[in-house]
Structures are given as structure tokens and as C-alpha cells.
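I have placed the structure first, in the form of C-alpha cells, so that the comments after it can refer back to it.
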Amino acid sequence: MGRKGLGWYHGESRAASAALSQKGVGRNMRDILRRSHREDERDAGAGGDLWVRCSKCKELLYRPEHEQNLWVCSKCKHHFRVAAPDRIHITADPGSFEERDADLPPMDPLHFRSGVRTYREKLEQSAAATGSPEAFLYGLARIDDSPCVLGVIEIEFIGGSMGAIVGEKVTRAIETSIATNLPLILFSSSGGARMQEGVVSLMQMAKTLARLDDLGAASVPFVSVMTDPCYGGVTASFAMLGDVNIGEPGAFIGFAGPRVIEQTTRERLPPGAAQSEFLLSHGMLDLVVPRPEMRTMLARLLRIYAARSTAAYGSGEAFLESRSAPPEKVAVGA
Amino acid sequence: MGRKGLGWYHGESRAASAALSQKGVGRNMRDILRRSHREDERDAGAGGDLWVRCSKCKELLYRPEHEQNLWVCSKCKHHFRVAAPDRIHITADPGSFEERDADLPPMDPLHFRSGVRTYREKLEQSAAATGSPEAFLYGLARIDDSPCVLGVIEIEFIGGSMGAIVGEKVTRAIETSIATNLPLILFSSSGGARMQEGVVSLMQMAKTLARLDDLGAASVPFVSVMTDPCYGGVTASFAMLGDVNIGEPGAFIGFAGPRVIEQTTRERLPPGAAQSEFLLSHGMLDLVVPRPEMRTMLARLLRIYAARSTAAYGSGEAFLESRSAPPEKVAVGA
Amino acid sequence: MELEWEGPVRQLDGEIANIRRVNPDDDRIKSLEEDREARLRDLYQELSPWQTVQVARHRDRPYLLDYIKWMFTDFVEVHGDRRFGDDRAILGGPALLDGTPLMVIGHQKGRDTASNLMHNFGMPNPEGYRKAIRLFRHAEKLGLPVLTLVDTPGANPSLPAEERGQAQAIAESIAVMLSLRVPTICVVTGEGGSGGALAIAVADRLAMLQYSILTVASPEAAASILWRDASQAPEAAAVMRITGPELVELGIVDSLIPEPPGGAHRDHAGAARLLREHVLAMLEELRGEDVEDLIRKRHDKYRNIGRP
Amino acid sequence: MELEWEGPVRQLDGEIANIRRVNPDDDRIKSLEEDREARLRDLYQELSPWQTVQVARHRDRPYLLDYIKWMFTDFVEVHGDRRFGDDRAILGGPALLDGTPLMVIGHQKGRDTASNLMHNFGMPNPEGYRKAIRLFRHAEKLGLPVLTLVDTPGANPSLPAEERGQAQAIAESIAVMLSLRVPTICVVTGEGGSGGALAIAVADRLAMLQYSILTVASPEAAASILWRDASQAPEAAAVMRITGPELVELGIVDSLIPEPPGGAHRDHAGAARLLREHVLAMLEELRGEDVEDLIRKRHDKYRNIGRP
């Protein structure tokens, strides 16, 4: 179970990558990367391969440089959306990511069809387009040498919506944190629930929170990072209940999206409303962290929390003993 | 310990009253009653004994009728302040109140003197004026036959301020509830902390809340009734943490009083601000209950909560067993 | 509020009324009434999902305060979230059900413009969920079982609601329900709309009234998202499995509670009586359960929804 | 900000500066400096309560963020109460103290108009206390000891603060501290003003910096209440027992933390070093204490203040 990280993507092990690809479990990260920004690229015209247009300030950006800038516009600091594997690449230490449950197949609990097309077909198309079988991936990782469990929602996979398998994998990420006693870091970006899975999708909110409650009882920290856009059942469940809630600058975060609010209230939202900085000032976020500083911030939090296990204060240990399974022995990224 | 209720005040046992008076533990409730409304009476002029002027609408009210109306103005429904023994009289079933710690003497932890006058002297004067040795009285009672622990702050005693003995007696009222497993009902009205006891007074907030935490652990309900005025350390400790918070209509309730706020912000408060109805609409109170309906409401709550002990659900019993002393055997008002 | 497909019944109603006006003792009345009952029963035996949506949203359907009136011998509505305000779309308080004290919490809709404005069409703001959380804690402290009644189009979508943390409030309410140390029962009585419903619906027992619905998004919203056409709501209702029988089949809902003939909106007292019996039975099932077991089972139940 | 009664020291400061301007190596400098040190030490050895009030309120006194800068190797300030806003008069977050992770929370004042407006002169709104409550729970969940630093004139007296439940927030914060399942340490570093201070001061260990104060009401407010004359604040300070030594004698405060010669405002780094040592010693005392014992002792400690 699990494949050996994204190390090959860092140019360390292209042979391994090829080997994994042959086994059908690897994906071409470059391809994913290219596809992941296509909305921003629409205006880029013929030079689309080398140039990207910023959807906010309309500046044309040179792609290699733009990638170096972690897909943050060099002119206006607009944070472009990032594909899930790229997020792991720019967050985890090189070679440290060990994916888990990479091959968990999608589910179709309602046997849903919409007109002539089945949901199964849509899932297959999304998998082909993103290189991922579902909208969430997770695994063990290190950030500046501190071990953690790291998970990311793939917004490009049916809008990052949470169906049974996204809920299942988020839950398994939490369970991995409980079992290993390693802090959990989740990057969330989602349009909300997966319509095609109906109430099964809705119930993933309760499913993930049931295990998050156990994570709390086990005294394991959870850092939730919300990136643009983050709505609905994801925000209204685990994403908003981090011990530390972080937003990327300018990210739209909330229960209802701006379009829904504008349709209901028939008023335009004022500038900045429902974005990260707005949520920070209204007490919902702990921090708004620009992408280039995210790794440093996460590393600092992990460093502080890592020391807690040696401090032996208060309820932590007692809870751990009474409520969680004995820690699984793992050598992370070793 | 404890003297037999206010039953004699209901005209049931004047002989008993006289007997208790001779033992030096009874007080003349009629005297207290007369003194308790003197601020409202100031304008009453020569007919002061039979007529009372409403401080709000200026109507002259015939005293016997006014008492029948529970000191609520028949014209504008202004709720006059009520002396603590009167409050017990109009709340508890006749003859059911059994006072506890009636004779606990006052304390002077700082050996405080203000100019030529000592705090001891002020305490003695206040005791003489109100007929009570301190600003709080409590005991066992029944309301519409449901047993409870009932306590009342005497606002006329140095502004109902909470010093060591008020804190002590509130704490003992809570402890009585824990020991007897009977719901606690406290009527609070206070200007805040007792200046003459300095930080000892401040710490009564923590003292009362420490036991209130135990009351919660013992699953015993606490109904807090706030009457005009209720400020400072009393509101910012036990009074605001009732399982059910009730206000009398029009009562000023808050942390800082209107005068302090107006002095600080140099703006007049709008009408109704910081009064019961305002607090209700801002989510701080459960109910605003007119005085004539108070007994009925408290009885209903007691009736619902009384049934909880037979239901044997959830954590209640487990907590009781693990954290509180075995219930003291008492026959309340029997 | 008339349901189009109840036409045959309304026609009989008219006939009966006409005859009665001429002669209240006319022999035909009885058989016509029997005919009417039979037709109503037939109609309601095979409601389509979209028809169920219409019944679930019927303006005459009993709401929280109606059930409270019919079900409990004592009830005290308590107010406020102790942080900001008192939401009128979620109400609740301690109550006595056949001698058993419990905490009842639910959505409240209005029937006319004034009451709909007051209750915001049953769409709670964050204060509503935070009031619910406070009442959950109150119940937990005093060992009272919790009964929630769900009937909402969803949480209020507005900027002020976002400002005060609609998502946070819903998430916290679900989390608190999951860890509550008392037995919890939820009954969907009307519209169980999305996260705004789920926030108070995570319970040891989840039941639905016969003609209620539970949805991940309203059929209109789902049709919008799926086909960019809200008018295809009936089609969305048909494929999304939102009715009680479908959700029992999916293993998400534990049981169905029958409604009086022709739906709860025709007989509030009867609907409340059926609800009351069912709630008492569920309470009886949960009585004496160890708290730790209860929480473990509750966690497992939700853990296993959509488990491959 | 000049303290009137420091005149003799300022005079010597002037003399030393004059001589130094002429000849930085002048022999007299050393003896004058020794003289100055001695006078400062003398002055600060017998400060009156009112002088202590002035030092406790000194604008150059180190504030929370100054201590954080000097004391911790890692610190992340976290924000918000998850209900309404982010108060800037109470700040906090997880931090590393000599390898021990803890949660530090405290009042923050400003030094100039802009920063005083931002931090509201160190007077928190309900959001501040609710943020503190959230951080207490965060610490409890993760088993981090809690350190609070107290320096406030009091809670903000304003109608908006009342609207959002200032009293409720303070009461809840005290209650949460009393039941917290981790060790808690409070140090009064400046002005410990009334309920606004107590809200985050209920701890297993309560220490005071040498020249800090803890009051039931500011001396000005107390003089107003007692004598209807705020200008009698010095007299109120004299009789109300608000200084560290007096409160240790009363059994309310556990220990005093010395300040650098002439007060913490003259040497932030030195003050932080002394504070750090003392906090580490208190942490060591509490290490390994059983949680239930800790809570019982904490409850008993407060239960017994003003017990006849």
C-alpha cells in the first residue's frame, strides 16, 4: 500500500518514476501541472505553453518563472490554484512524501446517471484529466524535517467536491495521524458536496468529524489550510475545525459561495468580502500566510507541537493511553 | 444551623416567629420590607407610610395594593427593587424556606478604614439597616412543591456587593445543591465588588465559579435570575453562567454600569440599552419573566429538571458517582 | 396551498360540501367520504419524489412549535447563544415527554409573511447553531436525552452569516453532537436541507417522517449545479434519493415514521401522536446504554457511511 | 514618561551626561554612576503603593510582545475567537520555552496613539476573552501548559462590549481556566485591573512582578466609589493592598518575581530573563502532577480565599 512519494518529481529518481508508471500507480506530474492552471491560461493565446495570463491583473507571466514563484503572480501577488501533487511538491521535504491509499477506487453509491451520461463516466474523465482517481490524496511527509500526515484536495477533480471516497480518504488521513501520533496537515479547496452522491456525500461531513473528534481525544494537532476556493461541506466540517486555521491570501472561503449569496440577496458583495483577510478579521482564521512563507510557518508549528510529546503535561498522555490505539511504528520518509 | 424559614411571615406562625426572635436569630421582616423601598419612597411625602411614588412614571401607588402587586407599578409595570426576605416570600412556598448560615458573621480581611470610619462600622450600620448580617441569604426551599436551594442577594446591603462572606455564602449555597442534588436558584442584584475588601473581593468571582464547576460535574441544574441592577463581579461570575439565565423586565444587567460606560465613552446610552430585553435579543438571557409569572416559570423548570433523576440517561449518574459526595439526606420543608 | 395532483380529492371535497349544504344527513355523504379517503390513501401510497418534496414543504405541515404543543406536558423555550444573538430559525428548550425530561431543538418555519420573516423561512444563522450547541451542552450536563426535529431549506446564505462564521458554526454543531454524552434522536419532519439540516441531525437514531426529504442540496440547486437549469428540479428529485424509503435502503436513515392519511398537514394532532410514539420507542431502545458504547456506536455509524 | 519622584536620579543622569560630553573618560563618571545605581536601588526599595502603580503603568514597561520576543525560541501568534472577531488587546499562541511547548496568552498595550488604538489600551472586548478560551482549549487538547501574562486597566467598558456579553465572556473564561486539564501559570506583569485581569489570571500558580499591581478596581475608580473623588487615588492605593508583597501576605499571590534595578522599564531583556527563570521554575514544580490533583488543588485554592 502506498507508493514512494513524489521524490522522482524532484528529479531524484526518474527511473523509479518510470517503474512506478509501468505498474500503473505513478502519474505524470508535469501533465497534471499543465492542466491545473488551464482556467488562468485561457487568455494566454498561442504562447500558452510558455506564457500564463494572470486572471486578476491580466499580466502575462513567463511560465518557468511563474513556477519558480510557486504560481503567485509576480505583479499583483494573486495566488493561482495549485494542483494537488504540486502542492505536495512545494510543501513537503524532497522525497519525503509517502502516499497512502493512492489506488482507492471511486464509488457510485446512488448508481447515478445524469441524462445520457453516467457518473461513472464522469469519474473516469476526471481521473484522466487530473491523473488522480479521486479528489483527495494523502500520505506521510516531512516538512523541514518534522514528520506529519499531509493531505490535499484536488480542486480540479469535479470541483474538489467531497463524495464518499474523498470523505473516506480524509478520514483515513485522520486515522493515520491517530495511529502514528503525527500532526495532521490538510490543504482544502472545494466547491462543496458531490451532487452525484446525494446524501451519502452530505454524510461525509459527519464521517470526517467523527474521526476528528477521536484525533482531538488523542491530543494530536490538526492544521487546516484553506485555499481558493473553499466552500460548503468541506468548510463546514473538518476544514474549519483546525487547531490552527490558515488561509492563503485572497482565497474565497465560506459556507455559501459569493454567487449563491448574490443570487439570494440580490446584492453584489463588497470587495474582499468572504476572502481570507475578511475571515481573519472576523475571527475565523488564525493566519493568512502567503504561499512562499507557508512551508516556514508549517515547519514552525510542527516544531512547537513536536516538543509536546516530550513535555508530559496534563491530559495529553492520559487521553492517548485511554482512547487511541497504540502508536503504529513508522519510519517516515526514511 | 439554619432557622425555620419565613413561615411566620406568611402569618402562619407568629408565635414561632416571636420565639425565634427571642433566640436572636429571627428578624422582623416587616421592618426590612419597609426599609427596602425607601429610595422609591422619597417623593412620597407625608403619606409615605401608605403611599409610594413610582420612580419611573411618578404615579402614586397605594402601598397595600402595591405589595399585593409584588411591588410592580400597576400603571407602567416598573419592577421596584425587592428586599431579599421579600423575594423569598414571594418565591418560595409558604413555610418551606429553611435558611442556612444565617448567622455567619461578616469579615474584614484588609482591616479597612476609610477616613475616620472603619469598614467594621459600615458593616454594622448596614446590618442594622437591612436586618441582615451580610448581603446574601440562602437556604432550602420549595417552589410549587419542588424542592430547591434558593439564595438571594440583598441589594440594600452595601449595594449588594460581593465580599468574602457573600462569596462564601454563595459558594455554600452551591455546595448545598451538590450535597442534596437539588437545583440551585439564585436571585442576583449587585453593584459589583466590595471595594473595602480589595482583591479578596475580586477573588470571590473565582471562588464561586470553582464550586459552580463542581455543580456542573454533579449534573445539578442552576437557574440564575438577575434583577435590577446587576453589575460587575457578580454578573461576570456565577450570575451569567446559569443553565438558564432569567432577567426581570427592565433590569439593568451587565459588566460595566451605564454610568461607567457613559463616562468612558462620553455618549448617552440609547433607551433600553443594557436592560433585560436588550440582553435577551443579544443572546445573553434565556427569558425575561415578569415578576408575577416568576414563580410559575421557576416551578415549571424545577418540574422538568426534577424528572431527570429518574430518567437515568447519559453522563449524569456516572458523573454524580465519580465526582460528588453522596447526597446528604434532607427532608426539605417537611 | 393546493397541490395540483390532489385534484381528484379536492373534487370529491367539493361534491361532499355541496351535498352537505343541501342536506347534512344525505346518505351519499358517507360513501363519498369513504371514496375520498380511499383516493387520498391511494395517492399518498405512491407519491413521486417530487410530490414528496411538495408535501414536505407544505405550508400547513406541522412545524416544531406545533409538535411541541401536541407532544409535551411541559416545555420552556430558552433563548440565545450567549455570544451574539437569539436566532428564531432554531428554537429549543427542556421539555417533559411522558414524564421523561429531554432537550428538544429544531428548525422553525413561518406560515405567513410576518412569521416567515421572524423565522427567516427556517434558515438559521450562525447564532442558531450556536444556540443549539449551548442546548446540547446543557442537556449533556444534566443528563437529558436530546431530540432534534429537522425542517429547513438550509442554512441562511448571506454575507452577515458568513461574517459570523456559518461554516464554523455548522461544523462545530456536528462535532458537538458526535461527542455528546447523552442519547440523541433526530427526526426529519419536513425539509432536511443540506448542511443546515445536518448540523442538528447527527444522532444515535435518525428517523424520517413518511413524506419528509433529506437532501445534499435542494432539488432546484442540484439541478442548477448538474444541468445549469433549476427548472429540472423534479428530475433531480427523482435521481438523488431524497425520500425516506430510499434513504433507509441506502442505510443512512434508521426508520420511517408514518403520517396520518393524506399527510401530516391534514392532521397535526395525529402526526404528533405518531411522532411521539416513535420517539418514545427510540428513547426506550437507548435507555440504559453505556455512554462510552453510545459514542463509539455513533462514531462507527457515521464512519461507515460510504466506506468502500 | 518621567516619574516625578525619580528626580534625584534624573539629576545624576544629567550630570553624568554633561561630564561625558566634555570627556567620556572622566574619572568622576564611574563614581557618579555608582551613586546613581545606589540611589535608584534605594528609591525602588521602598516604593509607596502609589509609586508602584506609576511604575506598573509606565509606558516603557515591557509588554506581552516584548516578553515573547525575549523569552521564546519559537512562537506563532494565532488569531480570532471563531465567533465574531480578533481582539488585539489579548494576544496569544503556542510557543517554545527552553524546549518546552506551552500556550502563552496575555494582554497587550500600546506605547503611542496608533498602537494604543490598535490594542485599545490593553482593554479587551468579549472577543479577547473568547479567543483566550479557545486557546485554553487548544492547550488542553494538546497537553500544553498555559502561561498568562496580565497587564490591563480592565475590560473595555462600552455598549458594544456589553452587547456581545462582556460579563458572560469574563465569567466563562474564569470557569474554563478553573477546569483546565493542564497546568496553568499566571504572572501579573503590570496592571492587573479587576475582572478584566482575573478573566485570564485564575491559575495553579499566581506570581507578580515586583512592581506590578493587582486591584479589584483601579485606585481612581475605588476612590470614586469610596469617597466620590477620583483624585484620592493615591490614598486608595495606600489602603487597598494592591502590591505584590501585600498580596503575598494576604495569601492570594504565590510569589514575587524581582525586576532589574530601577524597574523592568529600564531593562526589557533583564526583566524577561528574570521572568523566564521564574516561569521555568514554576513549570518544574508542576511537572508530573496528576491532572485530577491539579484541578482539585486549584479549586481548593480559590475556594479558600476569604473563608471564615
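Here are some notes:
Here the chain labels run A, B, C and D in written order, and each chain numbers its own residues starting at 1.
Methods note: a contact is a pair of C-beta atoms (placed from the backbone, for glycine too) under 8 Å apart; a residue touches a chain by one contact, two chains touch by 3 or more.
Every value quoted in this text rests on a predicted model; they were computed, and no experiment measured them.
Path length between subunit A and subunit B in the touching-chain graph (shortest route): 2. Path length between subunit A and subunit D in the touching-chain graph (shortest route): 1.
Distances between chain centres, each the mean of the C-alpha atoms, put B farthest from subunit A. Inter-chain spacing, taken between the CA centroids of subunit C and subunit D, is 52 Å.
Inter-chain centre distance (subunit A to subunit C, centres taken as mean C-alpha positions): 34 Å.
Rounded to whole angstrom units, the spacing between the C-alpha centres of subunit B and subunit C is 41. Shared interface positions of subunit D, defined as residues touching 2 or more other chains, are 82-84, 164-165, 168, 172.
Multi-chain contact residues, meaning those touching two or more other chains, occur in subunit B at positions 282-284. Taken together, the touching pairs give a contact graph of some other shape, not a line, ring, star or complete one. The set of touching chain pairs reads A-C, A-D, B-C, B-D, C-D, using the touch definition from the header. For subunit D in complex with subunit A, the residues that touch the partner chain are 74, 76, 78-86, 93-96, 99-101, 127, 131, 138, 140-145, 181-183, 286-288, 291, 294. Interface of subunit A with subunit D (complex): residues 216, 219, 221, 243-245, 280-287, 297, 300-301, 303-305, 307-308, 310-319. Interface residues of subunit B facing subunit D in the complex, by the touch rule stated above, are 104-105, 107, 109-110, 112-115, 163-165, 167-168, 171, 193-207, 209-214, 232-233, 235-241, 253-256, 260-261, 264-265, 269, 273-274, 278, 282-284. By the touch criterion given at the top, residues 82-84, 126, 130, 164-165, 168, 172 of subunit D touch subunit C in their complex.
Against subunit B, the residues of subunit D that register as touching in their complex are 155, 157-159, 161-168, 170-172, 174-175, 178-179, 194-195, 198-199, 202, 214-217, 222, 225-227, 239-242, 247, 250, 252, 298-299, 302-308.
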